[in-house]
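The following blocks contain the structures, represented as structure tokens.
What follows is subunit A paired twice: with subunit B in the first complex and subunit C in the second.
And then the complex of A and B:
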């Protein structure tokens, strides 16, 4: 449960607002909330566009056309949705047990680094074999970068938020070092670039700019949706996140669960790096991750940490990015475009939060069962903080189903 | 739509950066005035294939662009692909090395020439004989600039040292400003730079040091610190390409113009640069423009004292484009 401590209110009335999860949220209404939030944001966006001197109708038409109309447009949206779905899933897997992987951006890079290294050593292999090898190397790369934060979290209770984030910059610096040093392409006339990925390693295309990375992402989302919501393993994962004491009592090893969730999370982000490398990019570059890792946090949050939601949110997010990019060729400045994109995502997020949570006012003496709010404890006593999202109470109990 | 050429520009930074992208945008405006072409631009386009492609495909499909100018190195690979996909559109890439025979060329300028001149001014203004250089990435373009600057500074001040720190950024005001402050802390009283922000100048002004900016005349941002700047002047080149595209006479090339072509120049000097140095700068500029002398003319030694250009010889373009060493007098590593 999210506890928002808003001190001015406390000082004024002795009360504070608490977000409490709504019970019996019908899953179908999630989509309604999501769309409603976007529509409200688009209506507010009309004001933004008017005041900045653009025709909202023209801008929205271009946004929609460039993202959805025709196979080329759809393929561009899917091209962006692919890495967003993978990084979103990466964050959601950790998030389903209340952990925050903020560093998917870096794990993407680590995955791309290892995949590039393997491609350099094995560039004589046939396409399918090399691609498979690079995908596995990507997963390994992401896991390796996550190993430190995962062990520090599971054994020393060091916040994974800090460690995963810091390693993002380490990974980017490693790419810069490889570009200017050991992996500099001798045929680049002194320019600091790494040699291109072997041609046969390019992911086969589906249509337009979309490649089989779309299917890899969809397949993985399906696997994790089943694993998290339909297996005992997934139930234990969510239980360990929402109520560690109960989980421990039930004989679940929290350490192992933390380790597994974080390593899987890192591996999926690493795979996103390998898919990006072989799908869209020509070579490993320091800009390869392109913010997809950080955007994955938004995707996962909008999807309420559920793999099923990640697919939809990633697609919409990809469309927003394509549309936002496209309206700039109409003369909309990148700043206005960024604000508009942020408004759409923020609108969706606000709507989703208020569909799933309600605000409850609690006085100093009653209501909340939590510790004294006046003295928030900087060190969480639990090895795993409960995340903002608890397992959905309306979902069928997977343990009973599995038993 | 037969008559008017539509020229579209893809910028890596904001046009308000006062630096690299600002200079390209000035060039765009100049070309529009000079040719009557319609020009379009998008700013802040990341150097990744899907972002660059999205913008260019929109420019071509929706806005009818006839020529695309990409102004950042990282656009090179997707630009090569797009040139193959759209054979009737001209693609011109700044600062890269790829081209084809029909519709894809590259262009850049001999920025090392005005950098040498700015080094002369800086060498005259340093009292500590120590200049700090906030360097971007260890690539030949940047090394060439540092070396030319150092050779210029040594011409008027043989004792001068140029201390280099690497930021691994093109536009990150926080890091670039901090690096300048650290170089000043370590004893430098003049700061030079290779990035697109004004932050090193603000740091210099705050510390009472002096500043050689880059890309454009940034004197308005730190008037007390500003000495001069090697600047870009892309307009005439853009206008030439747009005219060639309009006339159907375009053929791609690898253009590397110098001060004689006015694509690079030196900004006006600060009032307190000594008159004799100012006169000598004018003299050297005249030699660079008439081609009687160039910057990398021997004898030049590297940091380890090895002769890299023999006495009386001038470095070939190929060697300059692939430069990987620092000249004597530079303090720092060329391979960090």
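And then the complex of A and C:
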């Protein structure tokens, strides 16, 4: 007697792609993933530009030229890379402990607010002194905005992801309030703007539009690279992030580590605000942070929270942003640079998965020909055996203790 | 404060509540399946812009609403692909979704800024009930999306709490290996939940651009997507408490632009003299305060979060 068993999903279930861990992990690094991410983003960008009636070649050429060709272009790229490196480092410091500071955008603002306030009070100081004071007050401002989320995280385990982000909106609104009210420039002819920072507070330039903010960022990256990878403090920080229990047994105070990491993270983002204020911006305004804090998250994620990587990614992202600005003259929206940045991250994420895994097609015979004999697929249904091998998708077994 | 202003406040409370509830309901479903999606803000922006553009093109708010839901599901599908199917970090993928989604929405909508569709959702006066003083105007004379969202909330609760599918979804969020052993595809359950979540966020975005603030401007979602993410924590991953939280946040969101016009004194300060920018921080400060209070209450108890929330699952590695 022939029994016909109709199982519509048999073919699909027996012959599907499975991600199998590679026996020999592809010896590629995050750098390669980053490059692949760039390639993926550029390809998707071509599609996007094409469908909206632009010439991808022309747009990309303009972007490349404006970001890299000539000292002026390079200085613009460095100018944008500076805040990106600082916010990237800010996110990375928290990230090296497994924490997410996604409010660097707001801490930048807080830093710029306090730095502006200090500059207003200490107007008479000489340049270098005033700049140093503003940098310190920027750090303080960032830390103050981070204090709440940091304490809530360290003592009550409140997700720092949401609290830090919420305070971004608070910081930006406070700047808007200062613009319209208390700090409104009396000489602004009715415009709601804050008076420019004193002239002597402008960061000294390096070349073109680049200023010594670049050196501040590089120096800080170096310091943190040394601190995180070469000191006991940094080791404890990483340990507390990767294995909290081990860290606790080793006598590390997790609370204190969480608090330090987050406050440092906030301080660095605040410094980014002060650098931006004295380096590129003329005055404190609600657009000062300009998305640098959010882009810093992508920078740090692509850099795997490592300071060296932050420097490289920040430079590339600086170029992408300068390029994004330049193509507005071609009638292309600068939003394209945000899209490219996010797509680079997606591309790199996917690339990393395929470095460690390969797609294995499981054949209908239970496992594929290339299946590792030491690792048989445990739940592969055997189609030869009659009866309900495959669980019925309509009436699944209840799972005990799930709720 | 006039009676009219007060009714207006509560009408807006229900509408803002609907907006954040719809997005938060989607996030709740995804998180119950074990997937944290921090891309709600981006998905809402994509829903807002695509809904608005379809509304402009077709003149039908419903076509726009469902198109926005489809776009939201598609964008959520990207998160599902990267973080569920490929098992990449959910936080990173979600944040990239928000940043990329906001960028893409700005790019796609660059030509429709400032336009107004001819037909928007109109208020649905329910015969008989809408004429009841106060209650009628607040609850029975709202746009249809409000009622649809209430139905979706009930449906979401029913499916999660009372059906086998819901049990499987919750199981995937508590222990993926157990769910897999029981014969369910964790990948399908989680991807499906994330896409449903994306559809809800996208639909919520179109409610914003087709009713609450007709039109499209960059940054119009303005943090409501993040409030939705926080609401899920507030609601302890339960649809009922989520609805309560949505009304609370809806009230704050509705109150903030109206405080200006209220002639009242609070702690010796005349409210209408406070800068609107300062009042704008209200919902965000409230979110932080509420999260702290919730965590304080749970400080000695296990978190109500799904146990496997945020953990990728690969069958080969269990």
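As a working rule, the second predicted complex is superposed on the first by the 296 of 403 C-alpha atoms of A that agree within 3 Å, B and C clash if a C-alpha of one lies under 4 Å from a C-alpha of the other, contacts with A are read in each partner's own complex, and residues count from 1 in each chain.
By our rule, a residue touches a chain if its C-beta (ideal position, glycine included) is under 8 Å from a C-beta of that chain, and two chains touch if they have at least 3 such contacts.
Predicted model, so just to flag it, every value in this text is computed and none were measured.
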First (subunit B), second (subunit C), both or neither touched by A:80: first
Partner chain(s) touched by A:209 [first = subunit B, second = subunit C, both, neither]: first
Partner chain in contact with A:19 - subunit B first, subunit C second, else both or neither: second
Subunit B versus subunit C as contact partner of A:102, first or second or both or neither: second
Touched partner set for A:190, first subunit B, second subunit C, both or neither: first
Superposition-derived comparison: subunit B or subunit C, residues of subunit A touched: C
Which superposed partner A:333 touches (first subunit B, second subunit C, both, neither): both
On subunit A, the residue positions that both subunit B and subunit C contact, one per complex: 173, 176, 180-181, 333
Residues of subunit A that touch subunit C when the two form their complex: 18-21, 48, 52, 100, 102, 148-149, 152, 156-159, 161-163, 165-170, 173-174, 176-177, 180-181, 294-295, 297-298, 301, 333, 335-339, 341-343, 345-346, 349-350, 352-353, 375, 378-379, 390-391, 395-399, 402-403
Subunit C residues within the subunit A interface of the complex: 38, 78, 82, 86-89, 91-93, 95-97, 99-104, 106-107, 110, 164, 167-168, 170-171, 174-175, 178-184, 218, 222-223, 226, 229-230, 233, 275, 277-278, 280-281, 284-285, 287-288, 291-292, 295-296, 299, 303, 314-317
Subunit A residues touching subunit B - in the complex, by the definition given at the top: 62, 66, 72, 76, 79-80, 173, 176, 180-181, 188-192, 196, 209, 280-283, 285, 287-288, 290-291, 322, 325-326, 328-329, 331, 333-334
Of all residues in subunit B, those that touch subunit A in their complex: 8, 14, 40, 42-51, 53-55, 57-59, 62-63, 73-74, 77-78, 96-97, 137-140, 168, 321-324, 335-336
